[in-house]
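Would you mind keeping the following structure in view while I ask a few things?
Per-chain numbering from 1; labels A, B and C assigned in written order.
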Amino acid sequence: MDKRNAKAWLYLLPAILFLGVFMIYPLVDVVVYSLEENFESVSQSYTGVGLFNFSHVLRDPYFLQALKNTFILVVITVPVSTGIALLISLGLNSIKPLRNLYQTVYFLPYVTNTLAVGLVFMLLFKQDDSSLGLVNLLIRALGGTPVDFINGPYWAKMLVTCLYTVWVVMPFKILILTGALASVPQTYYNAAKVDGTSKGRIFRRITLPMISPMIFYLVITGFIGAFKAYSDEVALFGVDLNQAGMNTIVGYVYDMLYSNGGSYPSYASAAALILFAIVLTITVINLMVSRRTVHY
Amino acid sequence: MKVVLQNLTKKFPNRNKKLDDVIAVNDFTFEIPDGQLIGLLGPSGCGKSTTLNLICGLEKPTSGKIYFGEDDVTDLPPENRGVGLVFQNYALYPHLTVRQNILFPLQNLKGKDKLSKAEMLRRADEAAKLVQIEQLMDRKPAEMSGGQQQRVAIARALVKMPRVLLLDEPLSNLDARLRLQTREEIRRIQRNTGITTIFVTHDQEEAMSISDLIVVMKDGIIQQIDKPQRVYDDPKNLFVAKFLGTPPINVFKGRVRGGQLFLGEDAVLAVPGVRDREVWVGIRPEGFVPQKAGPLCCTLKAVEVMGRDTSVVIAHGAAVSDPVRAIISSDYAVTADREELRFALKPNKVFLFDLQTEERIPFTAE
Amino acid sequence: MGQSKDYERIELGALRRGRIRKCLTYFLLTLWALIVLFPFYWMILSSVKSTAAYNAEFTPSFFTLHPTLENYLAAFQSKDEPLGRYLLNTLIFTVITTGAMMLVIIPAAFAFSRLQFRGKNLLFALFLSLMMIPNELVIITNFVTVKTLGLTDDGGNALRHFLGLILPSVTSVFYIYLLKENFEQIPEELYKAAKVDGTSDFKYLTRVMLPISRPTIVTIIILKVIECWNSYVWPRLITTKAKFFLVSNGIQNIRESGAGRDNVPAMMAAVVVVSVPLIVLFLIFREKIMAGVSRGGTKG
């Protein structure tokens, strides 16, 4: 028995070792960092223990800006992308020819480097002395006033961020929803059709309840993903997100950890823990709501 | 190779730690003669698969000994016992061809047992020929029928030339027609190779039809070990009597008074040598003989014509089993419009059992 | 007679409504397909316009009559942003990380699915709970750890730097979980059969379990390759020297430094080069990737 135990642990040793060093120890450490006041990374010294780091972060205007940006992003992109994805999946599910082609195309953004494609979005939405930019060309053609979406007003920058985020998260949502729709047994639809149920009613009374678990899954993962937004913004606005006024919570964490101003792991830890608390709260609320409304 | 089990016991700790251990195999002692085909028969959960696992070494007994011939193999790991094992779901490696599957056990041999490539291939071909699948050697398991897969599994078990062949419910996953075919196939292969074979089944018909000896088990305890016909004709207790035979035996509650067996008020059979007492009475369906003035009077409920025989469903006040079924020759014209039917009983188809212990009470038929 | 006329009218109406619905559906689907594809088109288009032509266009044009590959040459030849070097770095990083991860997760998944040992359930529950921990929470300490161990590119030592890049991402609880689930679907009897034949646990793993689980293993490898190829945050944290950049950092660097401003076509050429390998991989393994992602990949 002991020999068998030893063998099992040997098989697990690499995983345990790596997880211990790079997951479990850091988890403890991040809490320690967040409580050490006036931590000096050079001398590895600190002056006291307390919640000062949290209050500092919560008063930092950059963090508040990042918090605001992240919340706006979450509130807009999650419902919009889920809604459009549902619409597209319904469309995909109702056709036969070309379905595979569409599915393949729709999935492309998932496998592309978001930083690379972000640059293309930047070019498309940008307006400067040398180029009008494609989007502004369209706006002008439709009789509007061109705006620089990359270095212009806040709402314009937020708009392009939301658009790009939706573009990036759509493949996953479409994939999951088409899968969910395809798994609804055809017999329900046949039964409803024989009863003369209208299309709208079929959708509301059969389709939606049947796929509601997957929609909630998407909403939860969507929230979590959107709260962690960072590299999409970097692609659009460059690494100095504070200057662009488009920083996110995760961006703030990294800036605190490593930027031209030096390294503040304590503030970074405090900000990361605040992010974790927000995500956890929202996930729990989501789960509670879904338990009440999902019909399974 | 004869196989001897001596006081073999296997206990499993109960999942609920406060309760007693589960005894899967309780103090087994029996000897399997060389070259015989033994059927381990019992309802599910009776410990027959555990017994098989103990014999092949996948599990270690809590106490007791296992001998192959004169060798004590109790503590040997499975690979050193020289056993072949065939599973209900065949357990073929899905990614390997038939040939690779059969070769797999040979490739594990190490040291002085190691075989040359050519020798391995020769042995694999030989095993394949034995089970008649030579033409399927390059197929994958998924491309074959259940019966063919089972043959491959047998070939894989035989290729090592095992001292003992173990079959765990080998026919349960096959459809009825294939089951008959494969059953005869197993019997033929066993006869040809002369390997001592133990096979586990819950199907009494299967066990009866191919075994040399049947071991009937219940709750980890051996009920009876005998030749198939003897187990049927001479059951040791009520469980064995009930477990064997289709349609099942009919059970009545009866009374013995003055050497006569009474069912209700009818004195149905002379049972000399049995003292006055209450008993369980088992009557095989074929033990009923319709007779105008027969002693047993039953209400007729239904008649099911089966061609050669007629199955008659009857009712009697003393019957415990419901329905009571009698199989009678179709020479007797029984029609459903009659209300009553009278029978005489064949003494050798009637068994008496103790009310408490359910052990058989012998009587000498006239 | 009058009744059959009615039926005809109903039939016609239903047919017409069905057609309109179908057209609308295809219109919407095509619209979204264009939105998805357009950035790719624009990326390629911009990369084959000559620099002079691009700079001369104040209003961008939708096509070019004089495609050129000079931008690709420029992208590869740039001294400050060595694109070939980025690709090579990323390739090394991706191959080693994926390989090392398989070596870590396969034995772990095997132990959880096949071996019996004390504390198994507790340990597995612990592993599962780690799945909820966001990367952002542990990256801070990992950065400090790697820096303390001297595994950044400060010293200019490639080996140390790659170790620093790779080590934090060679385990994935999620993939251990995925693989364990897959291993557990292999029937118990196969293991017993192998035991009776004298197969060792290790041989059973390599000769039986791995071949049977090949589809899942391929899926995991592909997903990990995508993840590695696109990783940005961690490499950015521990890399300062351009010759150690991975493609994401390289692209970002091209954008931030001068080249992105005055040579947009060259930048777009680099973007195309960086995007192509994964798109090709996707087109080859389309079904595997989509099945794998729907079984548990997320992005965000």
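As a convention for this text, a residue touches a chain if its C-beta (ideal position, glycine included) is under 8 Å from a C-beta of that chain, and two chains touch if they have at least 3 such contacts.
Treat the numbers as computed from the prediction; the structure is a model and nothing was measured.
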Topology of the chain contact graph, where touching chains are joined (line, ring, star, complete, other): line
Middle chain, criterion being Cα centroid separation: C
Whole-Å separation of chain centres (CA-atom averages), chain A against chain B: 62
Centre-of-Cα separation between chain C and chain A, whole angstrom: 16
Geometric centre distance via CA averages, chain C-chain B, whole Å: 57
Residues of chain C touching chain A in the complex: 21-22, 25-26, 28-29, 32-33, 35-37, 39-40, 42-43, 46, 55, 57-60, 103-105, 107-108, 110-112, 115-118, 120, 123, 127, 130, 133-134, 136-145, 167-168, 170-171, 173, 176, 201, 226, 229-230, 232-233, 236-237, 247-248, 251-252, 255-256, 260, 264, 267-268, 271, 274-275, 278-279, 281-283, 286, 289-290, 293-294, 297-300
Chain B residues touching chain C - in the complex, by the definition given at the top: 53, 56-58, 77-80, 83-85, 87-91, 93-96, 104-105, 108-110, 156, 160
Complex interface listing, chain C residues touching chain B: 187, 189-190, 192-199, 203, 207-208, 211-212, 214
Footprint of chain C on chain A - complex, ascending: 4-5, 7-9, 11-12, 14-15, 18-19, 21-27, 29-30, 33, 41, 84, 87-88, 91-92, 94-95, 98, 102-117, 119-124, 130-134, 137, 167-172, 175-176, 179, 221-222, 224-226, 228-231, 234-235, 238-239, 250, 253-254, 257-258, 265, 268-269, 272-273, 275-276, 279
